[in-house]
Amino acid sequence: MSARSVAFLNRRGPHGTIHAREALEVVLVGAAFDQRVRLVFMDDGVYQLVRGQDTTPLGVKDFARAFRALAMYEPERVVVARRCLEARGLAADDLLVEVELLDDDALAELLDGSDVVLSF
Amino acid sequence: MTRMKFGILVNAGPYQHQACDSALNFTRAVLARGHRVLRVFFYHDGVNVATRLAVPPQDDRDLGAAWQALAREHGLDLVVCVAAAQRRGILDADERTRHGRDADNLAEGFRIAGLGQLVEATADADRFVVFG
Amino acid sequence: MATLHTVHRSPYRETTLASCLRMARPGSAILLLEDGVYAAVAAGAHAPRLREAMARLRVFALEADLAARGIAPDELIDGIATVDYEGFVDLACEHAKVQAWL
Amino acid sequence: MSARSVAFLNRRGPHGTIHAREALEVVLVGAAFDQRVRLVFMDDGVYQLVRGQDTTPLGVKDFARAFRALAMYEPERVVVARRCLEARGLAADDLLVEVELLDDDALAELLDGSDVVLSF
Amino acid sequence: MATLHTVHRSPYRETTLASCLRMARPGSAILLLEDGVYAAVAAGAHAPRLREAMARLRVFALEADLAARGIAPDELIDGIATVDYEGFVDLACEHAKVQAWL
Amino acid sequence: MTRMKFGILVNAGPYQHQACDSALNFTRAVLARGHRVLRVFFYHDGVNVATRLAVPPQDDRDLGAAWQALAREHGLDLVVCVAAAQRRGILDADERTRHGRDADNLAEGFRIAGLGQLVEATADADRFVVFG
């Protein structure tokens, strides 16, 4: 049986709650398993990938850098909802990492085609 | 109905959010329908259910005790994420010694383990359900 | 087999249901639970959008959450079926997977 | 100095989180103090007062009954945002207790005129 | 003296800002903090509504939350002033009271 | 600027939500501007910051320790609601004995008390600020 495809559905911003950060920790651990990982960023989840985050004045650890390490784990796909990015006045070159911009239908298909979806 | 293996993830703290109640009721129903529960994994504030120091009011439900009873009756594997638990102060005797603390509070019936246990459950389960 | 989407938040407070409806493909099912059941009320402002989606999706609401919130069966949008927790389990089995909208 | 006016701003539904319930406990304790209490229900907060809540199938304690005890504490005003009630397909006779239905302007004035606002 | 309203939630995820704008009376001030700062971005979908409200309200955004989210000052709606935590304290003192929108 | 008395309420759990960080930074600023902090009251999941068993990662902030240090330096009154704390398992030695538990976890510098302390703070403060 080919490896299972697992989609991590990230829909929350990076700092208002800990979800983004602790979800990333699951992805990093998951990478060591034989899984086809799809990282999906939708709604406020797209904000997690925005460049230039500086959490020093807030006094909180900056975990955005960890996204750069992601490439090393070779997730099968890193996708961002185009519609959510544009609604927030953002574009692909505002992001920390190379991503696939998907329209709603393509995103729905990716999620639907994944064996498991983990929501954070 | 074929017998299925369920994995369950609880991401929100007990009482503050309804997720823990929903997950408990759902898990009971999975067992009542004759399916198997591979593992219930508590992550984020969900770990806070696993303290033996909670004293809920008499006239209200005790979520920690309810999970313990269900686990005893059905041999459930209730796993608390070690990283999330440490950050929030849910320790067992080993963690207590390792971090030089003067007390521990893990409730019996829960075990502290790494995120690998979550990933494994997502791989082995036929159905994986998230509450949060 | 299609996906069972679970919606856990009130449509009046959060955009969770809207996001789910955008991603739920024809033939899939939606279970409204916890504060998500408020979307099932026929007289509510969010009813039209859910009715429209029901042309391509089946919609269910969890009985325990409806009862806790004082929502009677006759207040629901026509066509929304109610299930108990065991019904929720059966729905999970009948679909390829469960996808939570939190 | 006349007693302080304190507005309790309730904007969340009754069971999804514990806010409604633990906010009510503050009101009950506050009643023993010399304060002019205004209970304000807005957005999903209006759902807290809906009649017929039965939490038995959920296995959670039903605290809506406590609202009936409220009258005994004689809050100065119990107000509900008309617009939020109507948007949810509700009317005054769906509620557990007698309330004042206020339009947005009147509600804004009440909040603005309170010495302190406690948000839950 | 008018009220200082604080908005702590993202306008894309929750209706918190909308509720605040309905209740904030002319002459009062709004401080966007935590995920609330996302409303301050000029290119965002929620900017028009906030711009309109700025005809009758002063709007501020908390610097630490803007920095944490990678939002540069030049991305903000014109007329939104940024403050640090001490500026937040001063705003609280200058107004009759603080009203949180959570 | 006249010297003002501030009351602060923290309604969300540490780390899970940013509210505790915001309240801490705000409280520091109130003191830096020369005002007085009458009381910081922790309610709902906010009580979870008051455990001495938390072991945050080295490279990240320790909110419990930060509040303790600020309280020591400025004589702050950090109050944890007894009802919310009991339900969630935050106990001091008295609560431990009263409820027959075998451990307690309240961090030094915090005190457990009733909701009257919250109501009193709303009455006495010139400005009352809520984080949650």
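As written, the chains take the letters A, B, C, D, E and F, and residue 1 is the first residue of each chain.
We take it that contacts are C-beta pairs under 8 Å (C-beta built on N, C-alpha and C of every residue); 3 or more make two chains touch, one makes a residue touch a chain.
Since we're looking at a predicted model, the values are computed, not measured.
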Computing the C-alpha centre of each chain, which chain sits at the greatest distance from chain B?
E
B-D versus A-E: which has more C-beta pairs touching?
A-E
Same or different interface residues for chain B and chain F, judged by whether over half of the residue numbers are used by both?
same
Calculate how many whole Å lie between the centre of chain C and the centre of chain D, each centre taken as the average of the chain's C-alpha atoms.
27
The distance between the C-alpha centres of chain C and chain E, rounded to whole Å, is 33
Please work out the Cα centroid separation of chain B and chain E, and write it as a whole number of Å.
38
Can you list the chain F residues in contact with two or more other chains?
11, 15-16, 18, 25, 44, 57, 83, 128, 130, 132
Residues in chain D with touches to at least two other chains are numbered 11, 15-16, 18, 43, 58, 60, 116, 119-120
Among the residues of chain E, which ones contact at least 2 other chains?
8, 12-13, 15, 34-35, 64, 84, 97-98, 100, 102
Please list, in label order, each pair of chains that touches.
A-B, A-C, A-E, A-F, B-C, B-D, B-F, C-D, C-E, D-E, D-F, E-F
For the complex, give me every residue of chain E touching chain A.
8-10, 12-13, 34-35, 38, 41-45, 47, 63-65, 67-70, 72, 75, 84
Within the complex, which stretch of chain D touches chain F?
4, 6, 18-19, 22, 25-26, 29-30, 32-33, 35, 116, 118-120
Residue numbers on chain A that touch chain F, as the complex places them
15-18, 58-61
Touching residues (chain side chain E, partner chain C) in the complex:
12-15
Listed in rising order, the residues of chain D that touch chain C in the complex are 11-16, 43-44, 47, 50-58, 60, 64, 84, 87-90
